[in-house]
Structure formats: C-alpha cells, structure tokens
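Please go over the structures that come below.
Two complexes are shown next, each including chain A; its partner changes from chain B in the first to chain C in the second.
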Partner chain A sequence: MKRTLLQSILLYATVIVVCGFLLFPIYWMIITSLAPASALRSFPPQFWPANPQWSTYTNLIFNTDMPRWLFNSALVAIVSTAISLLVSVLAAYSLSRYTMKGGEAVGLFILMSKMLPATMLIIPLFGIFRSLGLMGSLWSLIIAHATAIVPFATWMLKGYFDSIPQELEQAAQVDGCTPWGALFRVILPVSAPGLAATALYGFVLSWADYLYARTFLASATHNWTANIGIATFKGEYQTDWNVIMAASLLAALPIMLAYLFLQRYLVGGLTAGSGK
Partner chain B sequence: MSEFSQSRPAAPIVRRSHGLFGIDLASPRHANKLGYLLLAPAALLILAILVYPMLLAIDLSFHDVKFATLSFGADDYTLKNYQRLFSSPEFWNAIRTTCMLLLVVTSISLCVGMGTALLVNQQFRGRSFARMLIALPWAVPEVVAVVTWVWILDASFGVLNWLLLKAGLIGGQVSWFSSPGSAFSAVTMVMVWKGYPFISIMILAGLQSIPEEFYQAAKVDGANVFQRFIWITVPCLAPVLGVTLVLTVLWVFRDFSIIYVLTGGGPVGATETLAIMTYEEAFSFFRMGYASSIGVVTLLICAVISAFLVKKTSHAIY
Partner chain C sequence: MADIQIQNLSKSFGAFNALKDMSLQINDGEFVVFVGPSGCGKSTALKILAGLEAASGGRIIIGGEDVTELAPGKRDIAMVFQNYALYPHLTVRQNIGFGLKMRNTDKAEINARVERAAQALEITDLLDRRPKALSGGQRQRVALGRAIVREPRVFLMDEPLSNLDAALRVQMRAEITALQRRIGVTTIYVTHDQTEAMTMADRIVIMRRGVVQQIGTPDELFNRPNNIFVAGFIGSPSMNFITGTLARDDKGVFIEAGGLQLRPEGAVAHAASAYIGRSVICGIRPEALGLAAPNEAALEVEPMLVESLGSEAYVHFRLPGHQVAIPVAGEHEHEGRASGTLIARLYDVDQSLIGRQVRLAIKPNTSIHLFDPATEEAIK
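Coming up: the complex of A and B.
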C-alpha cells in the first residue's frame, strides 16, 4: 500500500502527538525531578530544565532510606518470584501433560483466584501473619505476593507448555531420558523465553504491590518497600515535588527498563498466557 | 534425531529408573503418579496460602467479630454482617461508584487501547519503536503513576490547571480532589492511563493474527475503511477482546492502590469502591467480619460478571 507524502506526514504527526500526549506524565516526572525546588512554585511551569539539579538524586540516594526501600522491593520480588516459579513450573507441566483426577479442579481454582479480591484475602492473611509473628517481616510480603504469582504463573506456563509438542519428550525418552530428565534437559531449556517472561511478570506484580506492604509493614520503617516510601513522601514533603518525582522515577526505572529491553518476550508471554 | 540415537547404540532404548520411592515413573502404569508428584507442591502451597485464607474469610463474614480469628466457628454463625451490609446506604453507594467507574474506565480504556493499537499497526518506519513507547505506562507502578498525576493535577502549581487556564477552558484553578465530580474524573484519568496499555498490547497482538487476504478480498468487493473495520477487524478480534475485557473489568473492580493513594475514597465517598470500603472497614475500623462480608459479595459479583462476559464473547465468535 503506497501512501502519498501528505498521508505519510499526517501518519507521523498523529503517532508523535499521540505518543507525546500519552507519555507526558512520564516526561513530566523526569523534568520535575531535575528542576530546582523554587522553580516548581512559579508559573509558567518549565517544560525543559534550564539547569538540571542532579543533587536531588544524590541527596535521595545518600541521605534518605530510599536505597534501602528499593533493595527491600527487589529482595521481596526476587524471592517471591523464585519460590512461586519453582512450584508453578512443575504444576504447569503436570497440568499440561497429564490427565489426572483433580487436575481440572486445580485449573478451575487457579482461574477463580484471579477473581479473588486482594482486599478480602488480606483480612485472613493479617490474622495468620499476626499469630505467626510475621508482622513487619519481609516474609509476610513474600508469602502474600506468592498468593498472586503462583496461580498466574501456573496458568501462563501451562499455556506455554501446551504450545510445545509432546513428541519432544517422547523423543527424549526414547533416547534414554527419564521423565525428570525430559523435563529438565529438554522442555525447560526450550521454554526459556516463556520462563523469562513469567519471571518478569512475577517480579512486576510484586514490585508494584502497595496494599500488602502498607498493611503488613506499617510500623517497620526499615523494612518498607519503595512504594510505601513514595506514598509517604507524598504526605510528608507536600511541596518538594522534585524529591517525590525523583524517588518515583527510581522506583519506576527497573520495570520500565525491563519493559523496553525485553518487550518482545513480555508481549509474547502476556498474550499467550491470557489467551487460553 | 536419527544421528543422535545412532551415536549411542550401546545404551538401552529406555533406561529404567528406580529413583523415587522405588517406583518406575517412566512406565505407563505409573505415569500419572509423576503428574501428581509434580502438582503436589503447588497444590499444597495454594491450599495453605489461598484456599485456607479464603475459607477463613468466608467463615469470618458469618461472625460478628472485630478482629480476625483463626479458629473456625468460634461463635454462633450469624447473618448480621450481611443484613447490615444490604441495609447500609454506604454499601449501595460503593456498588454504584464501582459500577460507574467500571463503565467509564473500561469504555475509555478500550477506545484508547483500540485507537493506539490500530495506529501502531500501520506500516511506517520506526513502527516497532512506536509500539514500544505507546504501551510504556504499563511499566509504571500504580503508586508512582498516582503520585505523578497528583502533581500534574495539583491545584496551585499543577501543569494541567495551567494548560486549561491558558486554553481558556477553566475560569480559575480547579482543586481536583475537593469536589466529588472532579475527584471521580481524576480517578478515571489515572485508571485509564494505567489500563489502556494492556488493552493496546492485546489488541495489537490480535490485529497481527488477522490474515491480510481478508482485507484484500473486502477491498476487491468495494468495502471502505469503516466497513472493513466493522466486518473484519471487530469479529476477528472478538476472542481477544473478550479476554481483555474480562481482565480489565476484574482489575477495575478490585483495584485498591490507585484510588486509595489518590483520594482515599473521598470526598464524601464519591470514589469509594467496594475494594476501598472493604479495606477501610477492616483496617480503619477493625470490623473484620463485616469487611469480609463485603469481600465475599465482591467476589460473587466478579464471578458473575466474568462468567457473563466469557459467555457473551464466546457467542460472538460463532
């Protein structure tokens, strides 16, 4: 399909305007974080930082708890994703390859858990963690995040395993592999992109959580995650928007970079996992 | 494969393993045992961290308790929570707010998602870069998105008020979070911004799977752009749209962070959804039993809505 020059220009203009419009909040976050505090209390707003204030970032990194909170977020996300993936890979493989009594029920429950409101689940979890003495501990978050990651990862990986032909394991077993060997030496290496996408989603899910973190870690400041830190900054430094935006950007950056560099896998995983 | 098997002619074709519990898991007779074994860890974990808490919450909803107890049936069962719930104007207000939000956010997100997907489905140089950028808000954590929007919507120095003033659309500075209507639109803005990228990603994937021949054939038959969209694109997208719609609806219905950080449900309950009400009852007023009953009702509504949507869209395919 050939376009005229005018049509091409119009298309590009539309793309640029739409992108600019939709991405403005991200742009504004970056610009604000670099602006001097005084410039934020004057009209008209500066759309380009005349002299970027990098000190906002160095201050945030060296003089606040922000690095610790980021570390906590990462720790919780990595551990809960790792634990969830460990059990989900096996379960997803089992659901994909074996016909079992009860297999259907597990599958159905996984679907239903997608409808479970987290604001309801948190009530019994609160009671359980209190009696286990896990309040304020990062373990409470790791377990709470696993409640969301396990069902979702199992479902997504099942979809992925379903797309791998059974002949692959049969060939491996004919060649002398045990069923375990077929899974670990043949199927898992083949599903590396799917595993990576699922792990990333798990990480994103955990990293974005605010509900559980706020409720379970309320008084344990040193165990806070980045999201509680930012929400608290919003309340405390009402007018220091450059600090709040810098902290926000630091919290958003890991996920945004992962998205930009691994978009191909993420999109593949997202559409494959939920298309089933 | 043939070279591979020839390279080790001495090995037995099927090696017997007697590793686990002395059961030969490779034999067809025991094949399903391996299936159960693989499923067991996840099943146990789900039982412990999902099924048990869920039953506990349902049990709680039938008890008049202030705090979450771990013992089932501690007191007599009572329907008090549900009676109170259905006669509470706050609950019906939350239902109305949730449904309004659902309708507004889902339809706007769907339009923006569809528009952006159609746009970056065009062929042009730099298309893959545009595809990447257009769904970038997906990667912004909800709390970060909210805090950024609070700054954009700031009454005195927010950039949106400045732009609207400059354009002459508003007479004076709007204090977005102090009136019910504007707070509701603020919540809508942020939710659409966080919600459209997922829809866009899903629709784009759906668009790419529609064969180009369909469009060519329609063009030969003289169908215009609009007709091609209605009669080819929409029906072909129906299954994808169905799944996307269900997931988006469930998200709006249950989301907590965006509204809680943005408005806290206020002013005067204008943005209080069922999720916010559940949380407030549980952790501000410590009425755990009552809060659980709201959660149970939310769960039931979610189940009904998704069953309905799944049915509707599976009809649409055929």
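Coming up: the complex of A and C.
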C-alpha cells in the first residue's frame, strides 16, 4: 500500500518524537559529562558546552578505579551469563523435548522463581554466601546473578526450542549423532539467534545489577563492579554530576555496542517461531 | 541391502495401543508401503523401525541382526521425513554429507559421494545453497540425496510427498519409485494416500487402529480385500457398499438390488452359500458399473451429482432400501461422498444426467464382493 504525503509526514514526525524521547536522556548525559562542574546548574541550560571537558573522561580512566570496576562488571556478567546459558540450554531442551511426570510443574516452578523480588532472595543468599565464605568474592555475585538469569532464560530458550521441529534432531540421530551430538551439532547452531538474544538478556541483567553487588561486595573495594563504583562518586556534601555521567556512559557503552552488533540476531531471535 | 523381519511389534502410550502385534517379513530390495488413515499406527511403526521410538514389545531384525535395542545411527538406515528435516544452518552439500561425516568418512570420499548423489538427483547446481533458498521439490530431492548418499541397508520414508503440490507429487512419486528400483534398497514408505500406495508399492501393508488389516500386492488388495475397511480404503473413488439379502436360484447365489441381481462368482459364491437368507453387505467398485444396453437388466437410478474429470465422470446416486452407512466412513476421505451415496465411474456422460432416470448395469467379468455385516470380514 502506498503512503500519502500526509501519512509519510505523520509517520516520520512520530518516529522523530519517539526517538527524541528515547535519545534525549543519553544526549543529556553526554553534555553533562562534558560540561564543567560549574556550568551544570546554569540557566538557561547549554545544549552543547562551549568548552567540552574531555579531561573528565581521561581522569576517570587514568586516575580512578573505573577500569577495574568495568573489568569486574564484565567478568561477572560474562561468567554468570555463560553458566546460566549452560544450565538454561539443558533445562529448556529437556522441558521442550521430553515429557516426564511433573515436567510442566517443574517448568512453572522455574518461571515462578523469577517472580520473586530480588530483595526477597537477598537475605537467604547472604546467609548462604557467608557460610560458604563467598562474601566479598565475585563468585557471590556470579551465582546470585545466575539465579536471576536462569529462570527467564530457560523459558526464553524453551520457547525457541519448541519452534524447532523435532524431526531435525531425529534426522541427526538417524545420520549417526547421539542425542547429545544432535543437540550440539544441529539444535544449538540452529538456535543461534535465540541463544544470542538470551545471552544478551543475561548479560544486561548482570551488568545492570546494583542491589546484589552492593550487598555482597560492599566491603571488598577491589571487587566492586561499575555500578557500585559510580555510586561512590556521589558525595555527602558535593556530587560531581559530570563525573557520574561520564562514568555512566562508559558503563553503558558495552551494552549499547552489544545491541548494535547483535541487533540482526536479536530481531531474528525475538520473532523466531512466529512463522515458517 | 537387507531383508527386514518385524516380529510381534507393539507400542502403547499409556492405555492407548498405537501398534498391536505387528508381524511382517520384508524381502531384500522390496518396496513396501504402510498405508492407512491418520492415527492407524503407520508412522509409529516407522519410527520404531528407525529407532526414534522405543517398542513396547516385539523385535526388529534387519539383515539377520536384531536391531530392536540399537540407536538409530547404528541401524544403517536412512530416513526421509515429511517436512524434509534439512539442517537449515548447513549448505545442501553439508546436508547431504552430514551422515557420512558423522561416520568419519574420508573427506575426499564424502565429496565424491555427495557429487554422485547430487548428479543422480539433478541438484548439482544447488550444492552450495542453503535449504531456505530451495523450493519444496528441491528440498525433497536434497532429503532424498541425504538418504541415498549413505548407501544404507534400508530406506524409511515418512509421507515424503505430502508437502508438495499435486503435480510435483506425481512427478516425485515416479522418481522415487524409479530411484528405488535402480538402487534396489529395501524401502518402507508411509503414506495415507492410497494412490501413492497403489502406484509405488511392491506390497502394501494396510493398517487401522494399530492393527494390520491386510498385506498384499496392490492387485491383491484391490481385487481380494480381506474386509470392508480394506475394500473401502483401496480404490478411488472407493468401493460402493449396499446391503441386501442373499438368495439362491438355479444360476447360483445373488442379491437383488434395485431390480438387478448381483451375482458373486467363484470362491465368493461358494463361500456365500452359508449366508443364504441372511443379510450381507455387497461391494461393487464404481468402475464395475456402466450404462446399460436397452434390453439389459439394469439399476434404475436418478443421479444427484455428476463430477466430471474430463475423460470420465463420477456419477453419484442413491439406492433406497439398500443403503448402508459405510462402516469405515469418517476415518478417511471418501472423496467427499455423502454417507450412503453410491458412485458409478462412467465415460461419455455429462451434467445432463442429473435428475433423469439412468440405467446402470454391472459390466461383465467384474467382481462382486460380499462382506459379513457383523464381522466386516470378506466372505471368500
């Protein structure tokens, strides 16, 4: 159907307004990070600082622990995502392919655990990690994040596996694969978009966490993740908003890049199963 | 290549018996078709043969080796699936060579065999494409290529043509039959389409509700069905059934229907003598009916519908007082026939027959089939 000029104008206007709403906070973060601290509360506001302070970034990178915090965040996010994917793939595959007594109940139970608020799990997790001697260790965060990622990732992947015809692994088995071989040689490669979407979900969830990190790592300053580190820039009497914004942008950058590069897979992953 | 013995094979899903005590000997190089309506157990039987489903009882012996407990990959079989089941992430070449790769075949050998298979199926120019870039017919060829490249002992085919359009189906039907004859691999082919079964099979195994109804050549099943189900399932349009009382005169046994005496002959007539004076179901194939000559004894009927196929026409009519609800109706397609309606397959007729009196006679040398109404078994 061909659009009329008016429809085109309305469409583009809507797109511009929506994008404006979505992108304005990022734009504001960028100019705040570049403005000198003294100019932050000036009125009328400057929409591009006259004298961009790139030194905020260099200071952040070379004179604070920010690189270390980013590294810790990345380590935790990568390891917890990897562990979660391993568990979720196997759980989702068996829920999708094998019928067992109480299988559905197990599936619902897994999903239900996702409904529990994170704050409710903090106290039992705290107790467990303390008795295991994991308090302050990055492992505490990795395990805690995995408990949050696994339930949803399992359901996401189950939906994806459900959309893959069972004949594929049957064909692989007739061709000489074991059931494991069929999973790894056929089902997982075919599920690449679903795996990418799930991995990104897990990575973002772990990367964005503050609550668990603040609780389990509070005293282990060398293990702080980016989110706790950034919070320490907020002082009791004075807050350098330009530093906080610069640090936040640095922390958001990996996620933005990941979305940008995985976009093609993500769209495929999220629409998989919607049609042949 | 190998013969297959299926011994007392059964499969239950909880209380439901999908397959009951199936026994069958398939000779080396034979093309056997399992046919029956949906849910008759034919696909279950095939999956058990492939090792994709565990049997609840019985044994499968391929080439003298008991494979009942073996994994699918160890049975030296190849299978073609209804939806082709091509690996979407691999190219056609990798798809065809996958089974050989899994068996650690030498790379050069894989390439040579894939090329050979592709040439045989005329898909050489598609080897570097992925399945999503292929048409239905091309995908079907790739699926066949994946099966033949391994040179297995047995081919299993699960309704491989049902996703193709009608014209392509006829073409692929002939190609698969020719391919099987050429390479001579023992083949079991599952379909719900009796035309496929009739045109492709050396022998047909016709199944219903998990039970084998009859095993025989297409001609045997068509001419000497064991029961009403087989009689109704094989043949298109399916057999006409009418009910009547069996009588005898000096010329032999007969049923009187619509002013016509239907006289079974030979062994059927002999066996029918035990049913004199009793109600029986009589089966007449639509092609056994023709337009009667002026002085010939005939059924006087009034056609309700004429389906013209160009070269022939299916003339639908009723025979009040002799109608019988086809016992197998509803389990499979009866070519859209209304319950109790009879069909004559006539030539050189048109729609003008509708509403007129038409005289139909039984053609000479055609079989009249009789069935026991209680057991539905053929009287023969």
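The rule we apply is simple: the second predicted complex is superposed on the first by the 241 of 276 C-alpha atoms of A that agree within 3 Å, B and C clash if a C-alpha of one lies under 4 Å from a C-alpha of the other, contacts with A are read in each partner's own complex, and residues count from 1 in each chain.
FYI, a contact is a pair of C-beta atoms (placed from the backbone, for glycine too) under 8 Å apart; a residue touches a chain by one contact, two chains touch by 3 or more.
These figures come from a predicted structure and were not determined experimentally.
Shared-chain residue A:P165: touches chain C; no touch with chain B. In the superposition on chain A, the chain among chain B and chain C reaching more residues of chain A is B. By the document's definition of touching, of the two partners only chain B reaches A:P44; chain C does not.
When the two structures are aligned on the shared chain, A:L205 is found in touch with neither chain B nor chain C. Using the contact criterion defined above for the overlaid structures, shared-chain residue A:L22 touches chain B, although it does not reach chain C.
In the overlay built on the shared chain, the residue A:V87 is in contact with chain B alone; chain C does not reach it. Contacts of A:V174 after superposition: both chain B and chain C are touched. In the superposition on chain A, A:V186 makes contact with chain C only, while chain B stays out of contact range. When both complexes are aligned on chain A by C-alpha atoms, chain A residues 171, 173-178 touch chain B in the first and chain C in the second.
On the chain A side of its complex with chain B, the touching residues are 1, 8, 11-12, 14-15, 18-19, 22-23, 25-26, 28-29, 32, 40-45, 86-88, 90-91, 93-95, 97-100, 103, 106, 109-110, 112-128, 130-131, 143, 146-147, 150-151, 154, 171, 173-180, 204, 207-208, 210-211, 215, 227, 230-231, 233-234, 241, 244-245, 248-249, 251-252, 255-256, 258-260, 263, 267, 270-271, 274-275.
The touching residues of chain A, counted against chain C in their complex, run 165, 167-168, 170-178, 181, 186, 189-190, 192.
If you check the complex, the residues on chain B that touch chain A are 1, 4-5, 8, 11-15, 17, 19, 25-26, 31-32, 34-36, 38-39, 41-43, 45-46, 49-54, 56-57, 60, 67-70, 112, 115-116, 119-120, 122-124, 130-134, 136-145, 147-152, 154, 156-157, 159, 162, 193, 196, 198, 201-202, 205-206, 239-240, 243-244, 247, 250, 253-254, 256-257, 260-261, 274-276, 278-279, 282-283, 288, 291-292, 294-296, 298-299, 302-303, 306.
On the chain C side of its complex with chain A, the touching residues are 50-52, 71-73, 77-79, 81-83, 85-89, 98-99, 102-103, 146, 150.
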